[in-house]
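Each chain gets a letter, A, B, C and D, in the order it is written, and its residues are counted from 1.
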Amino acid sequence: MTRVGIIGCGLIGAKRARVLAEARFESRLVAACDVARARAESLAAQHPGCAVAADTEALLARPDVDLVIVATTHDALAGLTRRAIACGKHVLVEKPAARAPEELQGLAAEARSAGVVVKVGFNHRFHPALRRAQDLFDSGAVGPLLYLRARYGHGGRLGYEREWRARPELSGGGELIDQGVHLVDLARGFAGEFADVAGHVGTFFWDMPVEDNGFLLLKNATGAVAFLHASCTEWKNLFSFEVFGRDGKLQIDGLGGSYGVERLTFYRMRPEMGPPETTSWEYPGEDHSWRDEYAHMLDCLATGRTPLGTLDDAQAALEVVTRAYALPGRRTAPVERA
Amino acid sequence: MTRVGIIGCGLIGAKRARVLAEARFESRLVAACDVARARAESLAAQHPGCAVAADTEALLARPDVDLVIVATTHDALAGLTRRAIACGKHVLVEKPAARAPEELQGLAAEARSAGVVVKVGFNHRFHPALRRAQDLFDSGAVGPLLYLRARYGHGGRLGYEREWRARPELSGGGELIDQGVHLVDLARGFAGEFADVAGHVGTFFWDMPVEDNGFLLLKNATGAVAFLHASCTEWKNLFSFEVFGRDGKLQIDGLGGSYGVERLTFYRMRPEMGPPETTSWEYPGEDHSWRDEYAHMLDCLATGRTPLGTLDDAQAALEVVTRAYALPGRRTAPVERA
Amino acid sequence: MTRVGIIGCGLIGAKRARVLAEARFESRLVAACDVARARAESLAAQHPGCAVAADTEALLARPDVDLVIVATTHDALAGLTRRAIACGKHVLVEKPAARAPEELQGLAAEARSAGVVVKVGFNHRFHPALRRAQDLFDSGAVGPLLYLRARYGHGGRLGYEREWRARPELSGGGELIDQGVHLVDLARGFAGEFADVAGHVGTFFWDMPVEDNGFLLLKNATGAVAFLHASCTEWKNLFSFEVFGRDGKLQIDGLGGSYGVERLTFYRMRPEMGPPETTSWEYPGEDHSWRDEYAHMLDCLATGRTPLGTLDDAQAALEVVTRAYALPGRRTAPVERA
Amino acid sequence: MTRVGIIGCGLIGAKRARVLAEARFESRLVAACDVARARAESLAAQHPGCAVAADTEALLARPDVDLVIVATTHDALAGLTRRAIACGKHVLVEKPAARAPEELQGLAAEARSAGVVVKVGFNHRFHPALRRAQDLFDSGAVGPLLYLRARYGHGGRLGYEREWRARPELSGGGELIDQGVHLVDLARGFAGEFADVAGHVGTFFWDMPVEDNGFLLLKNATGAVAFLHASCTEWKNLFSFEVFGRDGKLQIDGLGGSYGVERLTFYRMRPEMGPPETTSWEYPGEDHSWRDEYAHMLDCLATGRTPLGTLDDAQAALEVVTRAYALPGRRTAPVERA
């Protein structure tokens, strides 16, 4: 039985709570806290046996907490993870795990010393189309990598520019550190580290001091390219991730829900070239990535295996984001709103 | 009756010939020539009344030629256009009209002096989905431009690296000057001139001294971005062009044939945001862009109107291509072929 | 302010309750009852000010109930509607409004005498794609009707054969009276009354005494045909409705959610024939048909207008269903389950 | 080397000629004839070494003809096949092989006596999506058959009602014997023989004495149903064939070209039901069914194997068509044309 404490009881914290409480898991929510106590109380009310902790230290001090889920605004993610490690807790911290890579400095080593597992919640890795694409790629199905191309975006909502994500001191950045960091993390799974970071980060529409669009052109040491775009002015929700290899292409579309049915298409070039052999797999129905990610976390706790999505992964992805933020020529003046 | 001479009787020249011979047009092919005389003879055989000219000068000297179609390899496009103008002929020259913008220097002025119309064959402008998108955009349907995103590519064919397009002295470059120049030309229709040219041009797969992929990140003076990718390692033929405005999005997919049914989708944001109003138009059946472009050319001859696709347009698009070619860090080593 | 009582607090009753409680409506749930009192209590708990009535007569006796929503199993729909009319209440009764057309005999007249409005919940009429299709058709956009073709189905769920719908005394029938009645109702909107009813009703998979598939071939007086299939062995949820006119075709796909994005496509034949002009409208996002239907009901109460979906409509649709049930050669032996 | 004579040099005959002349085949066109001699001459001109026979008897008398392809109007198919058999020739006769099943009486026996192979050109069986679907079905992938549902149609063309297909003495019928017979033939591959034939055959739009729509409801001995619609008022070209088994569904869409990319989707139900496992295969590019069918024919000649598409198959499919034609209540008055 894994006993869990949750810090941060917003949308994501509540979703994590629902997942861990599923009958399939030997897992139980024992404590919750939130800067807005009412949110913690509301979550606890839905989970019999869950106490409301007065503050994060009180939660971390509880001996009956084995695993801490950190689901706060970005500014608190790294610090709370550090404290949880110090208290000897395993940690599942939401992406991007920090506002900047420096905040994660030394954290992986501290976790190793403390003998605890820390996983970063890059849940997109657990989407079945992406998982199968990674497996196919790793097995050589499309040969060596040529380049990646990805588009990820949503259309915001009324008042989006007044949400906490628009406040850089809380979020560390805008669209690029929010949805874009998923693209960077996924791209690393195919291309490894990116030596070159070019592109353009800018604010085109939302009147806020963080970017609403990130266009990236990354290169790894072998010359493979990642051409990525993350946007919160996409208007029509979109997720598209394309992996081009010497011998074919893997294309992932959709994430379920308003992003459309999740689908993987495998285009395999034939020796005579021309139209490729084309096979698709669709994943209709509910998004189980959160459940599968949690199952993986429990498995790592049980077996000591390294989780998919480490602190090093988060640090490397944030490194890319931070370098992109430092690029010159940033657009800061959004178009005039109607 | 417009009497036409064709220089260059390959695939494109033959296609132009078929179009001008359609009953709907008051138009007739009177002369053809080609560096490979057999090709000119074969074309002439299909067009009763068409003579084979011994060489380009012989063709240009004919008083019964009103309009010259220049459909040669890129190295000869600009020079022949200049000669045709000097001979007082109207000209329809295939894109990109030259290998580099310098080759077009002064040509527009010469045409004006000679009182002839010169049109560059940017036939994509005449695809109905793109034309309607441009009309909607011009009428303000999606508000001011935020950015453009486009992908255009094919998968080559066996021996592609040994075709004339792979020889820079003939082609002036690879994928970017071939398919990519269409994207740049179309992008100019929405964004105007691009002050900034960044990106990456490289050879990833085909063992040839020109690029097989061009990734562009362009910016105009108002900060609108064009994020464009042209590829001949696309594996699955693809044309996708997306125009993001403040109030909505225009998306063009397909060009018919192996590029899929041509479709325009108009996403209009509602004041309350959320999922946009979504309307699509499909254009199944044959590709009539060549026919419509030729009709437009005849109309310009009749009315003196400025054609869509001028020498200035070609020069501006080639300027972008040339600047992209000059970017540092070009990849030249293709991946090892199986 | 319209004060509403709900009889039958299952899934549909609860959905109706949520809708009427939306702030946009001048409407309030004042009483609920259910054969399982706990269900009524649970519903009332979510709607402040809602009382739990001891039984249907107690609910109908309340002077503060203006409108009764009848959302019970099929066996009780007609009888409760009759009683509600007798008590002077307006009624919104769920489709199919009865198990058989005889149960509705005289009811419309009783409602007229009582001066109350009775609407049957054929909510599909309020799906935007279907509404727009009906409007286009009524305006002559596709000319006179040739035929209709429709497919509607889902894949059931574990234990489906033990749910109340599988008990003919409660349901009056299987798939045909459940989803199929929507198809018949929609078909009547385009074709009017069906003089001929042919087809096949059968039990193919689910081990239950009602049919799981209905194949219908209907004809109206002018020779227009409706070729309809309703299935609960469709495996992949599907809604497709096609209207063929002399001058074009209207095609509706999807109903949102697991049925896919709702879309209307209008194919208009051109005088020269060949590929039609093709325009589509998509309706992503939530299903608002229930809300729009309720708004329409309130509008009918306010204006005295005849509602879309009358008792006569229900009787006519049930007439078709009943005639289909009487067709000889019914398959009753499902395939052997694995 | 197989030496081939073609009787009937229209569209289909010419297509067969092109296929057999492909370098891959040890096959040669040696003679051609047509009621319109010019058509035979035109075909012969494209096939060096091909003689023009004065008439069918002259062609059949040639000792250097091993295989006769009969590609005439329907009225001549059976008679010519009978004569070719009598002359000891192998035969590839186009579907439907006759105007009515009676015309085929005894033919299979005659072929056996003569020791020749006769194959009927049901080329749809050789479309890769249909072939794979049949293989999956035969291997038990979707369990025992519940029912089939198919739609096949095109939108005609100007003057369609004046083509030979509209003359019953030449064609034997309209849409049902033309495209519909493919559906019946394919349906037999999954369901075997159909004991019951119901449905509706009618003329809805085209002013011609043969039907333009056939709606079929067939049943085999085990109660499996085929719900089929063939139409030449489909307006948008469509091919859709769906096979529902106890454990899943096979869906074939498209035939290439104007019918859309050919695709097979396999929906496999999971033990817990809900959304099925979904895998698709696409077949872009050219339609190779004619080539694959011819390769199969040559293989049957070489090995003595029974071809896919026998005279018995044609007779059984025509039996269904003929019974459908005999159904009462046929609509003969098309809607008034605009």
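Note that a contact is a pair of C-beta atoms (placed from the backbone, for glycine too) under 8 Å apart; a residue touches a chain by one contact, two chains touch by 3 or more.
Computed from a predicted structure; not experimentally measured.
Trainee: Looking at A-D, C-D or B-C, which pair matches A-B on over half of its contact pairs by residue number?
Mentor: C-D
Trainee: What is the chain whose Cα centroid lies farthest from the Cα centroid of chain B?
Mentor: It is C whose centre lies farthest from that of chain B.
Trainee: Quick check: how many Å separate the C-alpha centres of chain B and chain C?
Mentor: 53
Trainee: Take the average of all CA coordinates in chain A, do the same for chain C, and state the distance between these two points in whole angstrom.
Mentor: Using C-alpha averages as centres, the distance is 43 Å.
Trainee: Go ahead and note the Å separation of the Cα centroids belonging to chain C and chain D.
Mentor: 41
Trainee: Among the residues of chain B, pick out those that touch two or more other chains and give their numbers.
Mentor: If we look for residues of chain B contacting two or more partner chains, we find 236, 258, 274-276, 278, 284-285.
Trainee: Among line, ring, star, complete and other, which best matches the way these chains touch?
Mentor: complete
Trainee: Can you list the residues on chain D that touch chain B in the complex?
Mentor: 236, 258, 284-285
Trainee: State the interface residues of chain D toward chain C in the complex, per the touch definition above.
Mentor: Contact set of chain D toward chain C: 143-144, 146-147, 149, 151, 155-158, 196, 198-200, 202, 204-205, 213, 215, 217, 219, 223, 225, 227, 229, 231, 233-236, 244, 246-249, 258, 267, 269, 272-276, 278, 329, 331, 333, 335-338.
Trainee: Enumerate the contact residues on chain A facing chain D in the complex.
Mentor: For this pair, the touching residues of chain A are 274-276, 278-285.
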